[in-house]
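The structure appears right after this line, and notes come after that.
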Amino acid sequence: MNNRNRVLTVNDLQTTFFTDSGEIPAVDHIDFHLHDGEILGIVGESGCGKSVTSLSIMGLIPSPPGKIVGGEILYDSLNLTRLSEKEMRKIRGNEIAMIFQEPMTSLNPLFTIGNQMIEAILIHEKGWSKKKAEERAIEILKLVGLPRADGLMKEYPHQLSGGMRQRVMIAMALVCNPKILIADEPTTALDVTIQAQILKLMKELNVRLGTAILLITHDLGVVAETCERVIVMYAGQIIEEAPTKLIFENPQHPYTKGLIQSVPDMRFKKDRLHSIPGNVPKPGSIKSGCRFAARCEFAFDRCLHENPELYSTADVHQTRCFLYDEERVTVDEHKAIIES
Amino acid sequence: ACGKGSSSSKEDTLVFGRGGDSTSLDPSRVTEGETFKVTVNLFETLLNFGEQDTTIQPGLAKEWNTDDGLTYTFNLEEGVKFHDGTDFNADAVVANFERWANGDADKFPYYNSMFGGFKGDEGHVIESVTADGEYTVIIKLKRPQAPFLKNIAMSMFAIASPTAFEKGDDQFERNPVGTGPFEFVEWKANESITIQKFDGYWQKGLPKLNKVVFRSIPDNSARLNALIAGEIDLADGINPSDAEKIEGDDKLQLIKRPSMNVGYLGLTVTRPPFDKKEVRQALNHAIDKETIINSFFEGQANAAKNPMPPSISGYNDDIEPYEYNPEKAKELLAKAGYPDGFEMELWAMPVPRPYMPDGAKVAEVIQSNLADIGIKAKIVSYEWGTYLDKASKGEADAFMLGWTGDNGDADNFLYVLLDEDNIGSNNYTYFKNTKMHDLFIEAQTEVDEDKRVELYKKAQVIIHDEAPWVPLAHSTPLLAAKKGLTGFLPHPTGSDLLSNVEFK
Amino acid sequence: MLSYIGRRIMQLVPVLLGMVFIVFMMIRAIPGNPAQLILGQQATAEAIATMNAKLGLDQPWYTQFFKYLGGILQGDLGESMRTRLPVADEIWPHLAATIELAFFAIIIAIIIGINAGIISAWFQNSWFDYIAMILALVGVSMPIFWLGLLGQWVFAIEFSWLPTTGREQVRDPVHAITNLYIIDTMIQGRFDQLWQVMRHLILPGVALATIPMAIIARMTRSSMLEVMRSDYIRTARAKGQKMFWVVYKHAFKNAVIPVLTVIGLQMGMLLGGAILTETIFAWPGIGRYIYDAINFRDYPVIQSSILVIAFIFVMINLVVDLLYGLIDSRIKYD
Amino acid sequence: MSGKTPKLDGIIEDEKEKTNGPWREAWRSFRKSKSAVAGMIIIIFFILLALFGPLIAKEGINEQFAPDRFQPPSSEYWLGTDDFGRDILSRIIHGSRISLSVGFLSVIASVIVGSFLGIVAGYYGRWTDTIISRVFDIMLAFPSILLAIAIVSVLGPGLENALIAIAIINVPNFGRLIRSKVLSIKEDEYIMAAKAIGMKDARILYSHILPNSMAPVIVQGTLAVATAILEAAALGFLGLGAQAPQPEWGKMLADSKAYLQSAPWTMIFPGLSIMLTVLGFNLMGDGLRDALDPKMKS
Amino acid sequence: MSTKPLLKVENLKKYFPLKKGLFGRTVGFVKAVDDLSFHVNEGETLGIVGESGCGKSTTGRLLMRLLEPTEGVVEFDGKELTSLTQEEMRITRRDIQMVFQDPYASLNPRHTIGKILEEPLIVHGVLDQIERKKKVKEFLEVVGLNEYHAKRYPHQFSGGQRQRIGIARALMTNPKLIIADEPVSALDVSIQAQVLNLMQDLQKDFNLTYIFIAHDLGVVRHISDRVAVMYLGKIVEIAESEQLYERPLHPYTRALLSAVPVPDPDFQKEQIIIEGDIPSPADPPTGCTFHTRCPFKMDSCTKVTPQLNEQSLGHSVACHLYDSKVDNDIKQMEGSL
C-alpha cells in the first residue's frame, strides 16, 4: 500500500474563519495524504471540520470569512494553496472533482441536466463541439447507471429522485476523468436502500476508472464497508488515522473507541449503549490541552494543559493521545537518566 | 403640417408657456380663461376690446350704431373668409347667434349669464338677430342692456364658421374654425396646442408669426425655468417674487398685464360674529395690505379699497380707505362685544390666481395680523373645487377669493359679486342690501354712461360702509418673455391677441 | 398555460369590480359638485341643476353605478364631464406618456440596479458594495420631488444640458402616431427628434428611476447573497467554472425571481405614482390627468383611469407570474 | 462508564453565562451593525430635536419678520430665512415634530388595524380570509399615492387627514405581512408541539403566534415610518397635507420651490431633513431586519 | 412487561387530497397512511421504520389526532380517540405526548426553557405556580439538565440538550404513551447514544410506553421490543424485534436490512441491492406496492394487494410469497435467498 503514489498530500493545513465572534480554527494543523486509486474515509461528528478540509482542497472556502492561514496542499507536486484563482479553475473539475451531501440542492434547479453536464465538459475541453460534449455527457450518464440518459438530458433536477440526482452529480464530477473525487457525505441525505446503490456505484467506479476517492462521512458503517483507510477527526484535528480494519479492530483513541461503541449495531442488541458524555465542542472553543480531554474517561493532568501530537503506534496507525506517548516518555526518561 | 417651421431660419414660432390646458376650443362653450387664450387668436368677435383696455373697438363689424339702445345695426367687414374657406357674412353671424340662442345653460353657459337666458326664456335680452343684406346684421333687444356692446366683444361670442359647427358641436370644439389670424393645427392634451398663420387672413401683413405653440406647464417655477432654458419664449403666471430676477436677466423681459381684477377677503355676513358691521370694519382696519403687497405681490399690485379696479369706469376714488390701525380695530371689536377677540376659520386659496398669486401665504400674513388684535384664526384650505363649493354654501367664516373682469364693466364686478341675486353663486358673503340692489338694477338698463357711473359710485359707498369684504389688492399679473419678443400687448382680460407679436 | 391565464383574468374580475365600486363610492364622497366646477364661478343655480341632470348626477347612486358598469362591460369608459370627450380616447395619450416615462425609468433602474446588486453581492463587503449600498439607501430615502427639482435646477438651468420640462421640443413637435414618441420618431425616421425625445426623458426618468433602482439593487443583492450560499453555486465552482459565469448565469437566474416581483410592483407604482414627477416636469401623463380629474370631480375620468391603471397593474403581475414559469420550470400553471 | 446516569451528561463545560433572551440577542447583533447604529443615532437626534428643540429654538416658528426675508445662512440665521423672514432652522426643528408624529402615529394605526385583520384572516381562514385578502388585493392594486390623494380629497386636506390616509394605505401591507406570518408560523413544529400538549387555539395564538410575528412587524414598521414620512411630505408638497403655517417639511419644500434659484437654502434644508430622517429609519430598519430575522442570521 | 394493549389501531387511513385549480377541485389523493392496523402493549416500545415519505410521521400525528384520520379507529386505554370531541381530545393529550425530530424547530425560540416546560402544566391546569416551578426543576434534572437552564432560551443549547428539553416537556404531564418521531436522527452519534440511554432509563422509571419512529434500523433494534416496517403507507411486516432482524420475511425488509452498512469491515453480509426509487404515494403501484422493486415479483403481485398475515406468533407479513397458496414456491425462494 505504501508503495503507491501519493496523489494528494496535505501538510499542516490550517483553515480559519474570521467571524464577528472571533476566530474559528475549523481545520487546525492537519496532515494526511491520499494514494492513487484508494478510497480514504474521513469520519467525525458534525462541525469537526470535514467539509472545511475538503473545501480547502478545492479552494472553495467561502472568503471572507474563511482563509487558509497555513500549510500546503500538494497535488502531485503542485501546491494548490499558492495557485491563482485562474490556475485553480483548471484543477477544479478537471483534476479534482467534488460531490456534495445534498443531491437535492447541489444541482442548479433552473438548468437542465444536459445543460449542466455539457457546461462541466466545455469548461475544460475548450475545443469541443457542443455535439461532442453532449455525446460524452450521455455516455457518462450511462456509466453511472442512469436509465434513459438521452431523455434525462432535457429534464430538470426537480424531475429526478434523490438517488438519480446523486448519480448525476457523480457523473458530472467524472466527465473530465479526474484523478481525485472528493465526496462530502454523498449519501447522508439518502434512504438506506438508495445509499447502498450509490456506495456500490462509487466502489465500482473506483475500480474501473482508478479514481482516488476521499469519502467524507459520519457513518462508521459506510466507512467500514467502503474505505481502505480512515481518518478520524475531532474538533478540527485528526485524532486517529489507520487502515479501516485496524480502526475497527483496535481503535486507540478514546474518542474513536467511544464512537464505535456508541453506535447501535443492527446485528445484535446491546443492553445499553456506550455514551460519551458532554457535547461535541466547536472548533476553537477549547483553547488548551487535548480537545477531547473534557469528555475523556482516561484524561489526566497533562491532557488538560498540552495538546498531544499524532503518535505513530504502528507503521500505518497514528493516534493523537498521550496514552500512546509512552515510548517517548521512556526515551526521555532514559535520556534524563543518562545525562544525570 | 408638422415639421414646417423647423427649416426656416428666421425665428417665427412662438412658444407660449401657461399653467393649464384648454378644455375646449369652442369659446362659446366654456367659461375658463385658458381656452380663450387660444381662441382669441383663432376667432374674431363682431367688436373688439382695445389693445390693452376694455373700450369698444371695431372687429368683424367695422361700424355699428343704435338709437334707442334696443336696436343695434352692425356693418360687417367684407372679403373675410373662415379658415375652411367659408365666406364670412351676415348669415354667418346670424347662424352663430341662432346656435347660441337655441342652446341651453349647459351648452352655452356664458350666453346664458350674459344675455339672461335662451330663446323663449323670460329673461332673454335678445329679441332677434337678422341679416339685412350680405354685410349688415341687426340685433334687436327686448329691453336696454347697458353693457351689451361690451358683452358682444367678449371672446366667447366669437363668430365661428357655420360649415364647421354644423358638423356637430363636439366635433367642432376639437377642430375650431374661425376667421382669426391663426388657424388650428394640433392639440396634444395637457401638453400643447399648435396654431399657425392663416394665409387668407383679411388684415394684410398679419399675423407676423408663422406658428404659435401653447404649452402647459402647471408649475410656476417650472415654467419660468423653461423660459430661462429657452424652451419657451413667453411665460404666463410669473411669481411676483421672480420679477426682480427677470428684470436682472439680460436675456429676458418682464411684461405686466394691465390689472382688471380684485383680490379680497370675504366675510360671510350670515355667520356670527361677522353679522356685526363693527367686526367687519375691525377686520378692515386690522389687515396690513402694504406688507401683503410688498411680500407676496412683490409690489406688483395696488392696495384695494373698492370691490372693483380703478381702471373701470364707475370706480369711486373718493372713498377713504380703512387705514391699517390695529388699535382702532380693537376698539371696534370691543364695541361689537368682542374685547378679547374670538376664534375663527380663515380660508386660504389653494391655487394661485392672477389676483392672488399665493393665497396660502397671504393667509399667513392675515393670520398674524388678526392675532395682533386678539383674533385667533385657523387657516383652512380645501382643494379648489371643494373650496368654491363650500364657500358658495356660506360655510366659511372668512375666505380669500378674487375676480378678474370679463368685459370691463362695473356690473361685472359689483352686481355679480355682491348683489343678493347672486347669493348661492358668486356672492359668497351672502351680503344683502336693498338700496344697493335697486341701484344695480337701475344701472343695468341705463344707457347713459354718466348716470351709470353715478349709480355705481353710490353703491360703492354702501359697500364700503357695510364692509362685507376686506378688499386686498388689484394685482398686476406678470409675464416674462425672451428679450427679442416685441408686439406683445397683454390684455387685462387675459386673452392675448398675438397677431402683432414678432421676434426682433 | 392558456387556461391559467384565463383563470387569472377571471380572478381579476372581482378585484376590478371591487375597485370600481370603491372608487365610485369614494369619489362621490368628495365634497364639491362637478357641475359647479364645469360651469365655473359664474354659474347660476338652475344651470347647475340642468347640468346635474345632464350628467345623470341627480339619479340615485346605484342607478349611476350600474349604468357605469354596464358601459364598461360594453367597452365604454364613459365621457369626460369636463371636455366631453370619450374617456377611452383621452386616456391613451396620457397613458402613453406615462408608459414611455415609466418604461424608460424602469429600464434605467433595472440595468443599473441589477448590476449594482449583483456586483455588490459578488464582492460582498468591498468598497463597491459599501458605496453602492449606501447610495441605494439614500436612493430609497429620497423625496423624489426634491431630487427632481434639484436635478432641474442643476442640469437644466445652471448648466442647460438638458431640457427642463415636457416630452418633446415644442418648436418641432413630434407627429403622434402611437403617442409613444420614441416609437413614433423611429417610425418616421426622425432620429433628430428621437434624440430630443430621449433628452427630455432623462431628467424625469432618472428622478423616477431613483427609488426603484435603489430597491432593485438592494433586492438583487440580498437575493444574490442568499443564492450564492447555496450548494449548486458551490457545485458550479467545483466544476471549475469562471466566477463571472457562476454569478451571472447560475446565481443570477436563481436570484431573479424576487427581483422580478419587485420590478413588477415598482412598475405598477410608477404608472400611477408618477404624479409628483409629472407635476415637476410638466409631463402630460396619467398621474397628472387623474389628479386634475380629482380636482375637477370628473367622475368618469377618475373611475376609468384608475380602473385602467389597476388593470395594467394586475396584468403586469400576471406577466411577472408567467415569467416565473419561464425562468423556473418547477413553477407550474395548472 | 459514565453513561449510566443520564444526570451527569450535558452539564460539563456549561459555564454559567448570562441569560440572553432573543430580544437581547437581537440587540447585540443590532449594535454590531454600524449602519443600524448610525440610523438609530439619526433617529434619536431627530426625536430629541422634536422633544427639546422647540425649547432651544428661540425664534418663533411663525414669527414673521418681513425685513429679514430671504436671508442666506449666516451666524444669526444658521439655515437662513424664508419668504416671511422666518428662521428656517426653527421651522425645521418644529417640523421634525410633525414628520415624526405623522410617521409614528400613522404606522401605529396601520399596524393595529393591519394586525387585527391579518390575524383574523390568517388564523380563521376560509371566507373571512377570502374577503379580507380580496380587499387587500384591491387596495394594493391602487398606486398608493393616488389612493392617498383620493382619501385626502374625501376628507379634506390637512395634516390629520393626511395621517389617516397614510395609515389607511399602509393597512394592507401590514395585514398581508401578519397574515403570511401567521400562516407560516402555524406550520412551525413548535405549534404542532403546542397542540400536542393540548394547548387551546386562543392560547396558541397569543402566546406563540403573535410574539413570533412581532419581529417582522417591527422591521416592516420601522421601514414603513420612513415611507410614511415621505408620503406625508409628498402630500404636503402637493398641498394636500399639512396646512400653513405648520412647518411641515414637504410643505416647506412646496412653499419654497419658487425660490429655488434666488434662495436655494429655503428648499435645500427641508429636503435634506426629510432625506436624513427617512434615511435614519431605513438604516435602522435594515439593521433590525438583520438582527431580528433569523433567516439572515448565520 | 404486560401484554395488555394500551393502544389499538384499526384500519387507519389518511389520504391527503391533491387540490388543483381555481376552486380547489380534488384530483387525487396522497395515500400517506393506507390501512394500518397494529397495537402497542403497555410498557413496551414499538419501533416503526421505513424510508422517507412512507408515512411514519403521519401515523404518529394521526395517533394524537393532530391530523384527522380519513378512516379507521384509534383506541387508547379503552377510549376511542377517533370519536372524541376536540375538547375531550385536547384533555386526553395529557396522556399521549410527542417528541419531535427537530428539537430546535419544536421549541418556541421566544420562550425560556422554564416557560416551555411549564406550559403543559398550565394548559392542563394542574398544580399551582410554586409546584409547577418545582416540577420544572425536577424534570430538568431528570433529563440531565440543571435548574439554571430554566432561564435560558432554546438557541443557547446544543442539539442533544434541546432534545432532552423536548423529552422533558413530553414527560411533564405524566403521560402513558410517548410518540417519538425520529427523536435522534438529527443528533450526532455520540449524542444519540446519550439520548437513547436517557429514553430507556425514563421508560423504566416512569413505566412509559413508546412508539419510536426512526429510519435507522440499528437504533430501532436497540430500543424496540417490536418493530413495524412501513413501505408506502402500509405496514409490510411487524414482529418482535429479534424475530424481525434475525428472520426477516418480507423481501423489502430483507433488502432494507442488507442495505444498512455495518460498522465492521470483516462482516460479510448478503447483498440485496434493490433497484429504483420509492414510488410516489400520490400514485402508488397497484397490487403490492413493492412489486416495482421486488426481486421476487410474481404475476399476482401486480394485481392483488397482500394482507398482513401472521406467519408465526406475533410475526406478520404482507407478501404473496407467504400466501398459503404459494407455500411451495416460498420454500424454493427461501433456498435461493
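Labels A, B, C, D and E are assigned to the chains in the order they are written; within every chain, residues are numbered from 1.
One rule holds in what follows: a residue touches a chain if its C-beta (ideal position, glycine included) is under 8 Å from a C-beta of that chain, and two chains touch if they have at least 3 such contacts.
Note that the coordinates shown come from a computational prediction; the quantities given were computed from them, not determined experimentally.
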Busiest interface, counting C-beta pairs, is B-C
Computed over C-alpha atoms, the centroid farthest from that of chain E is that of chain B
Outermost chain relative to chain A, judged by CA means, is B
Rounded to the nearest Å, the gap between Cα centres of chain A and chain B is 90
Distance in whole angstrom between the CA centres of chain D and chain E is 48
Note: chain C sits from chain B at a C-alpha centroid distance in Å of 38
Distance between the CA centroids of chain C and chain E (whole Å) is 55
Residues of chain E that touch two or more other chains sit at 158, 160-161, 193-194, 197
In chain D, the residues touching two or more other chains are 3, 8-10, 153, 156, 257, 260-261
In chain A, the residues touching two or more other chains are 272-277, 279
Given the complex, residues on chain A that touch chain E span 45-46, 161-164, 191-197, 199-200, 218-226, 244-245, 248, 258-260, 262-267, 269-270, 272-277, 279-280
Listed in rising order, chain C residues that touch chain B in their complex are 30-34, 36-37, 39-47, 50-51, 54, 82-85, 90, 93-94, 97, 149, 152-153, 156-157, 160, 163-167, 169-176, 190, 279-282, 284, 288-289, 292, 294-297
In the complex, the residues of chain D that touch chain C are 35, 134-135, 137-138, 141-146, 149-151, 153-154, 156, 226, 230, 233-234, 237-238, 250, 253, 257, 260-261, 264, 267-268, 271, 274-276, 278-279, 282-283, 286
Chain D partner, complex, touching residues on chain C are 14-15, 18-19, 22-23, 26-27, 29-31, 134, 137-138, 140-143, 145-146, 149-150, 153, 157, 268-269, 271-273, 275-276, 279, 287, 290-291, 294, 302, 306, 309-310, 313-314
Chain A residues touching chain C in their complex are 55, 58, 60, 62, 64, 85, 89-94, 97-98, 100-102, 105-111, 119-120, 123-124, 156, 158, 169, 172-173
